[in-house]
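Order of writing sets the chain letters: A, B, C and D. Residues in each chain are counted from 1.
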Amino acid sequence: MKKVFTSAAAAITDINDGATLLLGGFGLCGIPENCIAALVNKRPVNLTCISNNAGVDDFGIGLMLQQKQVKKMIASYVGENAEFERQLLSGELEVELIPQGTLATRCMAAGYGMPAIFTPAGVGTEVAIGKEVRVFNNKAYLLEYAFDADFALVKAWKGDTDGNLVFRQTARNFNPLMAMAGKITIAEVEELLPAGSLNPDHIHTPGIYVHRIFQGVNYQKRIEQRTVNKPDE
Amino acid sequence: MLNKNQIAQRLAQELKDGYYVNLGIGIPTLVANYIPAGIKVVLQSENGLLGMGPFPMDGDEDADLINAGKQTITTVPGSAFFDSAMSFGMIRAGKVDLTILGAMEVSELGDIANWKIPGKMVKGMGGAMDLVASAKNIMVAMMHTNPKGESKLLPACTLPLTGVNCVKKVVTELAVLDIVNGSFKLLERAPGVSVDEIKAKTAGKLIVEGDIPEMLF
Amino acid sequence: MKKVFTSAAAAITDINDGATLLLGGFGLCGIPENCIAALVNKRPVNLTCISNNAGVDDFGIGLMLQQKQVKKMIASYVGENAEFERQLLSGELEVELIPQGTLATRCMAAGYGMPAIFTPAGVGTEVAIGKEVRVFNNKAYLLEYAFDADFALVKAWKGDTDGNLVFRQTARNFNPLMAMAGKITIAEVEELLPAGSLNPDHIHTPGIYVHRIFQGVNYQKRIEQRTVNKPDE
Amino acid sequence: MLNKNQIAQRLAQELKDGYYVNLGIGIPTLVANYIPAGIKVVLQSENGLLGMGPFPMDGDEDADLINAGKQTITTVPGSAFFDSAMSFGMIRAGKVDLTILGAMEVSELGDIANWKIPGKMVKGMGGAMDLVASAKNIMVAMMHTNPKGESKLLPACTLPLTGVNCVKKVVTELAVLDIVNGSFKLLERAPGVSVDEIKAKTAGKLIVEGDIPEMLF
């Protein structure tokens, strides 16, 4: 069982044109920085990217947008991203906006072998157009399908050589869900440890869901909205 | 007429001891500054945190610790982290007692529009559609009228909907209103605001029964 | 916010005749011993108990069976339990056997606000009788509904005064799922700590799902099948 | 003719490096004793553990650490605990590479019956229905005939089904057989067992093509 890869480049070497990717993170928090950098370098195109956000102009998925590697973006909120907006308005980029909880639950469904789930999010709105509506106990729900993605790229705080992952604080977000949902899941970690180093009760993603793991480098961990209290306030 | 902080302060009066609360971006975020003394309220951030605290002191910010508005925050004792599926799971299951959101329009049926303006760049609904479809108690904090002076409390929303038949209460700079039986029911006036002004600025069906008291702070 | 109760008796005082209960545990591992003892003492009857197993004759749910408090048992495996068998054969006890994964997922559905889920377990068997079958991607699934239970009784290793729970090893099993699924969830813990004592990244059940918590006493933690290797083997 | 340990030993030859495997109660449990040298196999226990180890040494048993058969066990380095929903989730999602189960009957269509005998006290299906409906690769370890000498490899199961069209391979004391196109395809004979004996004891459709080799250990 050889899950450990030596670098991001080695781990993503078979992500080719037209692939569908799940990318963990919320905003710039907990995003697979190393995998994205390697994809920017390798330059596969016509990618479908499923991620809660689309990065910013000069970081995260925004870096792949700059190079026009992304054909379609599936996200819940695309935020402030000038190049994204330009490509969307010019018709170069296809965008599907879906509710955040629906995004999360469609990942979980894939990881739990459930073909579809019911959620009330979007009932009565344009999100419901073309979707099956079903009423349970007098409440209407939409039928939403599990994602079917080729690769999941996730970022954890610690991981071990068997692929077990531990996330830190709100950098967890979509990462464990996407880790479960990828046909091939690639995890980058701030600290890669020998199997047996992590407390088995603390593991968020069991290694069975992780096919490749590597020690990430040079994490920027950018902050999108630095909000602080001043000592004198 | 209330300012934004006063709207938040009035909404904070709706909080009860032991409530789990989700506060949206904008005025709702300010509600956290006015939690009544002697009660404990736990703030949920839908990116995966229960027990959100204030902004960190300068220098203590942590890139791994943000709220749903992507701001750096802190935790309080008793906090817990979880993934986004559990986060929206607890919202869908009605475990969050109160959700306070901003809105562009609210209808007399409790429909809400707060995510999209036709012709403008659409950023996405984020978690708003999940929150309004799932939470058991949804209140809206917003201005009574838009910058053109047009009422935002309407017979029917004109903007694309975020959710239907979900808003229970609206607090604006002018009034507190419940949404009941397809109407806005006026409960309180802002200090110095007349019922006539509220009537004039409410396009949806408005119910005014008896004397309408001024808000107390 | 007062979640802390002084005893099991105080925590279960409003569990009355005819209540539907979810009880955590797998076999005798991780069962809410104190809650069961208090129910045996209080003696509500006509209970519907949902639990993976039904205890043994002299422990676990078996203790409530001895007193004929249980009207209906919903479980995946009822094991070795003479009194259970007697009541079942005599028609005193109603039993519904459901697949273990279905049991787990119906709890999760309740905790995640999903009215129903799809699972392939039981397709083509007697479990499928009367149930809706739906085909996704050429595979058949049964529609199974979320549980709707009055109380969930769970047992954790550590808990805090805000109701956050941490489970230990395989004593986790159904406990976090049932904790999410109860209209009122009562948690007993081996160690009750002040809020802030648990690492927020290690919490398995956030306190929002737990309405009452108490420090358990006199844990027996019985072992059903003691299997060991002898040093000389 | 194989004994139970040899059946387990033959099944262990199906294991590959990196496999995640769920072993049922009985003969399947014994497979863990014959994992080929040089490969790593991770055992899943559906009550919430990946990385199951052997029984503990006397005195080291822990009530919180059991397998799906409720036996006290240990963990190996790299193990992880999780709840029952995730456990069956990873099974349903096809993440478990191989599931080995016992059976009372298997049909030529791959149906399996292993949970209920009419007229006898029914203990329940436990996780068996989930496993057979969900796992991507299911093998059965069982005796070729029942105590009355009747074949357990049938045209159709006579007992209540656990799952349909799911078993891929059967290993008995007599033979290794794949289930393909509605037939049992004979792959290997146990040492000293003739094809004629296997034919005589297989009630379902049996395909015998060319020379059938003896099993190698």
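Operating definition for what follows: a residue touches a chain if its C-beta (ideal position, glycine included) is under 8 Å from a C-beta of that chain, and two chains touch if they have at least 3 such contacts.
What you are looking at is a predicted structure, and each value in this text was computed from that prediction instead of being measured.
For chain pairs A-B and B-C, the one joined by more C-beta pairs in contact is A-B.
Centroid to centroid, with C-alpha atoms defining each point, chain A and chain B lie 28 Å apart. A separation of 33 Å divides the Cα centre of chain A from that of chain C. Rounded to whole angstrom, the centroid-to-centroid distance between chain A and chain D, based on C-alpha atoms, equals 36 Å. Of all residues in chain B, those that touch two or more other chains are 49, 75, 81-82, 85, 88-89, 91-92, 134. Among all residues of chain C, those that touch two or more other chains are 105, 112-114, 119-120, 167-169, 172, 200-201. Each chain pair that touches appears in this list: A-B, A-C, A-D, B-C, C-D. Those residues of chain A whose C-beta lies close enough to touch chain D in the complex are 1-2, 110-114, 160-162, 164, 180, 194-196, 200-201, 203, 206-209. Here chain B touches chain C in the complex through residues 17-18, 20, 40, 42, 44, 49-51, 75, 77-82, 85-86, 88-96, 134, going by the rule given at the top.
Within the complex formed with chain C, the chain A residues making contact are 105, 112-120, 136-137, 139, 141, 145, 166-169, 172, 200-202. Interface residues of chain A, counted against chain B in their complex, comprise 26-30, 52, 75-79, 85, 88-89, 97, 99-105, 107-108, 119-127, 157, 167-177, 204, 221-231. Touching chain A in their complex are the following residues of chain B: 45-49, 54-67, 69-73, 75, 81-85, 87-89, 91-92, 111, 121-130, 133-134, 160-165.
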